[in-house]
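Listed next: structures, encoded as structure tokens.
Shared chain: chain A. Partners: chain B in the first complex, chain C in the second.
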Partner chain A sequence: MSSMIRTGDDRLYWRVQGERNRGLMGLFAVVAAFLALYAYLFPGLLSVAGVSKFAQSWLPLALVAMAQAILMLTGGISLAIGATVSLGAVIAATTMSGYFGVAGGIVAVSASGLVIGALCGVIAIRLRLPAIIVTLAASFIIGGLALLILPRPGGAIPGWFSDLLAGNTPAALVLVFLVALLWKLYLATPLGLSLYAAGENPVGAYRAGVPVDAARIAAYAISGLLSTLAGLFIAAQTGSGDPVIGQAFTLNSIAAAVLGGVGFLGGRGTMRGAIAGSLLLSVMINVMFFLGFPPVAQYVAQGLIIIGAVALPQLTARFRRRP
Partner chain B sequence: MNQANHSRFPAWSPRALLRNRAFLTVAIVILVWVVAGFAKPGFGSYGHLRYLLELAAVIGLVAIGQTYVVIAGGIDLSVGAIVTVSAVGVPLVALSGDGSGTFAVLIILVAATSIGFLNGLGVAYLRIHPMIMTLAMATFLQGVLILIAGGTAISAQNPLLAWLGNARIIGIPAGVLLWAVVSGAALAVLHATPFGARLYALGANPLASALSGINVQATTMAVYAVSGLAAGLAGVLILGMNGQGYVGIGDPYLLASIAAVVLGGTSILGGSGSYAGTIPGAILLVTITALITVVNASAGWRSILFGSLILLLLLLSGRESQRR
Partner chain C sequence: MRKSMMKAAVSALCIGLFTCIGLVTEASAAAKCIKGDRKAPYTIGWANIYSVPTWMKQTEGTIAAEVEELKKKGLVDKLVITDAQGDANVQIQQIQSMIDADVDAIILIAGSSTAPARVVADACAKGIAVINFDSLVDTDEVTAKINTDSNEWGDTAAKWLIAELGGKGKILVLNGPAGISVSDDRRKGANAALAANPGIEILAETNTAYNVAPAQEAVTSLLFAHPEINGILSLGGALSAGAILAMDKQGRPMVPITGENARQFLELWKEKGLKSWATMQPNWLGAFATYTAVQALEGKDVPAFVKVPLPVIDNSNIDGYLARAKDFPADGYIFSPYDQKLFDELLAAK
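Our next item is the complex of A and B:
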């Protein structure tokens, strides 16, 4: 979408972008404030090693937030993200030390994510079953597959690959930017262009000749791919695979996407918002850790902050409407 | 009002019956029970079926609230946490001492209702999407529970709970009886009171219901409060059957309640369906789980079977109507 406008009118492009950023200014400010607080509490953050470590704790959440956001933009949702992350982790841990090596492992992980995502999409879209319950059932099937592949934590990731992704290099940060860039490119393809239209007004889009079903199924496939890649990264981080490691990501991905202003009904929100939302969640967890909160209190704070972050724009909007 | 009732309960005819999802779900349950009874000796025995019903009672109770909320166009992701609050809370309150335990149970039921009410408050007045509001509430409760109860199991001893968990009245477990009574009330409220009619209206079209004079905010808060109460009741029943409560005891019931509602033919989009479908939905869910346990398979295969069966049943009963 953006690239098409850009070729026509440069000023219009930036105005559209500015318009889309406007609702996110509050979020960006909060993220910046939390980052500043984190840097103040932990000055070590402002070094290559500090940034690397932080980016490594953030990357999986950023990936699953994007995986959830792309579905929510088309009006879908997935409760299978966590299970898919686990599946990606166990496939990486079992294939990478095998015959085909790291490259083969990456291909296997990506292919499984795409196929599983696309299957969920076909079932939900073509058979017209509600996405929430299809992905709920899928989460059992995918989680079962992960348990079949690796019944208990184990497997191995080659050491050099772990060092490359999760060592003292800012590789994770580079990956975030790379994925964000690829998302921009995807939005310029016909399927990417259809994404927002299919979410915002499926019937209208269909009548206008937009391939609504294809765009939605593609979104499911990409969502699966992003989830298994998050699993791959976690496996590289821990050096092994765990069939239940992804569980928490289902709800966290929804929370991050919603914090980022992505709506449930489709067509509302931006990917930069979702990424910022995941950053906020990630920084928040780190800050609370440094403030010495027990892990439990983090749940309490997380619940309150999510409600606050979602309710605040609603409340301010209402006060503005009623001068 | 009469007209609306008519469309919800079409005149009896074989075709209408086949299209009635509640009836379809009952038929599937009976089919599964008969087939399993022949295939697996002992499955069809009275004792085993009674045990299944006892398990279904808990899911069924949680699913009352979930059905109400879904019909009204929302979803409640905090029911699992509320079940835990109630199962862990009753022993904690009971420690301060009252004879029969009735007082403790009542306090906890009020607390569970208040939690639901808070959910409703957030959804109705702060305009937070139900999924987020209840998800955040669940996260919040989980933290509070671990802070209060820690990681240990807390056992409860009081006569009321013991009766609920173990008593048999003319051979029927007290839990099943409780479920039957509450179900009757839930069905009556849903189909024979203005409140029930408002739920359907709210789920079908919130704007139109607001314009036709329904107090959307009050109805929303009430429906989430009912969900909290139902989940609290389920927690009390689990505590009675289990003898002890621990953090995480209610977690499985979140997804089970949603699955029961959808298997029972209630549209996840709101505005249609009935608790009459959720009852066989809950029984079906428990039956599937029991069948999978009988099949001697690894945890992975069991999980795959369970997911596949739910998908399969969805194809039979849970399809959204064709969009025009």
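Our next item is the complex of A and C:
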């Protein structure tokens, strides 16, 4: 009997997935085109070293895009992501070469991300305060903490750890897939299942017995964790810590998530979209370099590509709807 | 027996020493990172952290002008420019792209004093000449670093102001952004002189971007809080111009103020008849870095660190600078003149 239900579930599952992918096909096509263009301009991309180095530049953005997307799915947003990335980087750079070693550093970075994220979540959700205000204030506090821990760039990451994560191996690419897989698993847990419901229709979800507040607070904690882990990776990639390294990630994470079709109002969007959005933002930089665009043209081109990628699904959808 | 062992040890030591000396002379034949397999004309990569500030635009102007000169000599054929839009992570990605594109030299203003260290070392290992100037990276894996001394900047400024105030008075300290090495170093440089003069009381400090508007805003609020101010230790950029505008708007008497060669500051200095002192981060460091890269690629030895002396502007020579003001943007920096002779002298100085 259970197998019967399973097959029925499967069919429904794939139909839902197909429905969710449809809006993203345009973005996937754009990303694929850019990747192909990049490989054409720089054939060295298609080597282990080439893929490794590119994945290393992309991974931090992919992580913060996911950190932002998980909040946006619950109807929240975070302006503290950049500061949290910086904090993760300075904690990693100050702990890993000390007494506690790399393992201790990873624990410290993860714990600080979870705690900071959960605190933001508790304040925003339990006190019913606007997420944008809470996380803006948090960004000042977290950014200040990072500057207190490391007033100027410094610290160190053991060389072997840097080489492991950001050497000539595609470890970064493996990590992207690993985090995406963990996300799938999380969606299968009760809290993960509640995530979309809490974002799309919080009142309805609450009446149906969904732990709305818990799902949202958990999303904040996971978002904090992903952000500090992005900082940890940057510290490993650069071999050191910088208290302001993450600043640009706040806006870029929102850009990547929105580009990936994640809506601001909650419940709309997919993680694969956010990841694809971050990939587009990252590959765009390299493509423009190899096309030899001067910096001024790069600003314009970047804006056009983003608008194009957001507009494309809308346009195709409108085209499809016509009789 | 023991004697012969000693002898053996001594001779081994001697051989060791000779080998060392041999290695050192061999290494000094070419500059660091240079393998000698790259031939002119070269492709130069200019990895900028942020192209929007006027100082950067002027610096890029000197690089482009130098590249034109070197093109005429057949030494350079292409200049590739990237702009990381202020993001140190993007800068790393762009330097990686320059390595992938196999440029011959990378000229770099770092967006972080630590972050690009590993990618820069990768470039060096590939035989790319890396010349780092202005904002430096904490690594030795570069061909050369070129800069003025930020500590000395702060030290000289503080000493001038203290002497001007007769060792006694209430001052404001205007800093660049927090967490940035240059602004941190300038401030640290001022510490010793300030500590040695307990008569100098620091009323307040600011951290703002090196721009007029934020400095003016910050000083305006400080002026309300402090009715008596005897001097302003401004550590850079257009901060001094912002401070003067703020005081002028409130009708406060002008006080001795330090600063940099921002055209707006120099013009206000003259207009208000101030007694001031200024130095500069010369924009031609960009042209000099380009020149140094090509020298290194041509097999010449270049010093690992070139310390460029800080030019000083005071009441005795400000007119000379203002006479050339029209050649510079209104919100730009009037830098001291430069030529190849100056570059050769700087490279020859040890």
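The rule we apply is simple: the second predicted complex is superposed on the first by the 297 of 323 C-alpha atoms of A that agree within 3 Å, B and C clash if a C-alpha of one lies under 4 Å from a C-alpha of the other, contacts with A are read in each partner's own complex, and residues count from 1 in each chain.
Going forward, a residue touches a chain if its C-beta (ideal position, glycine included) is under 8 Å from a C-beta of that chain, and two chains touch if they have at least 3 such contacts.
Since we're looking at a predicted model, the values are computed, not measured.
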Regarding the shared-chain residue A:Gly239, is it in contact with chain B (first), chain C (second), both, or neither?
second
Partner chain in contact with A:Ser253 - chain B first, chain C second, else both or neither
neither
With the two complexes superposed on chain A, say which partner A:Gly303 touches: chain B (first), chain C (second), both, or neither.
first
With the two structures laid over each other on chain A, which partner does A:Ile285 touch: chain B (first), chain C (second), both, or neither?
second
Is A:Gln68 touching the first partner chain B, the second partner chain C, both, or neither of them?
neither
First (chain B), second (chain C), both or neither touched by A:Pro151:
both
Jot down the residues of chain A that show up as touching in both complexes, chain B in one and chain C in the other.
147, 151, 294, 296, 298-299
Mind listing the chain A positions that touch chain C in their complex?
42, 44-45, 50, 53, 57, 60-61, 147, 151-155, 162, 166, 234, 237-245, 247-249, 252, 282, 285-286, 289-290, 292, 294-296, 298-299
Contact residues on chain B for chain A in the complex?
75, 122, 126-129, 131-133, 135-144, 146-147, 255, 258-259, 262, 267-269, 298-308, 310-311, 314-315, 318-320, 322-324
Chain B-facing residues of chain A, complex
123, 127-130, 132-134, 136-148, 151, 202-203, 251, 254-255, 258, 263-264, 294, 296-304, 306-307, 310-311, 314-315
In the complex formed with chain A, which residues of chain C make contact?
48, 51, 80-83, 85-90, 92-94, 96-98, 100-101, 112-118, 138, 178-181, 184
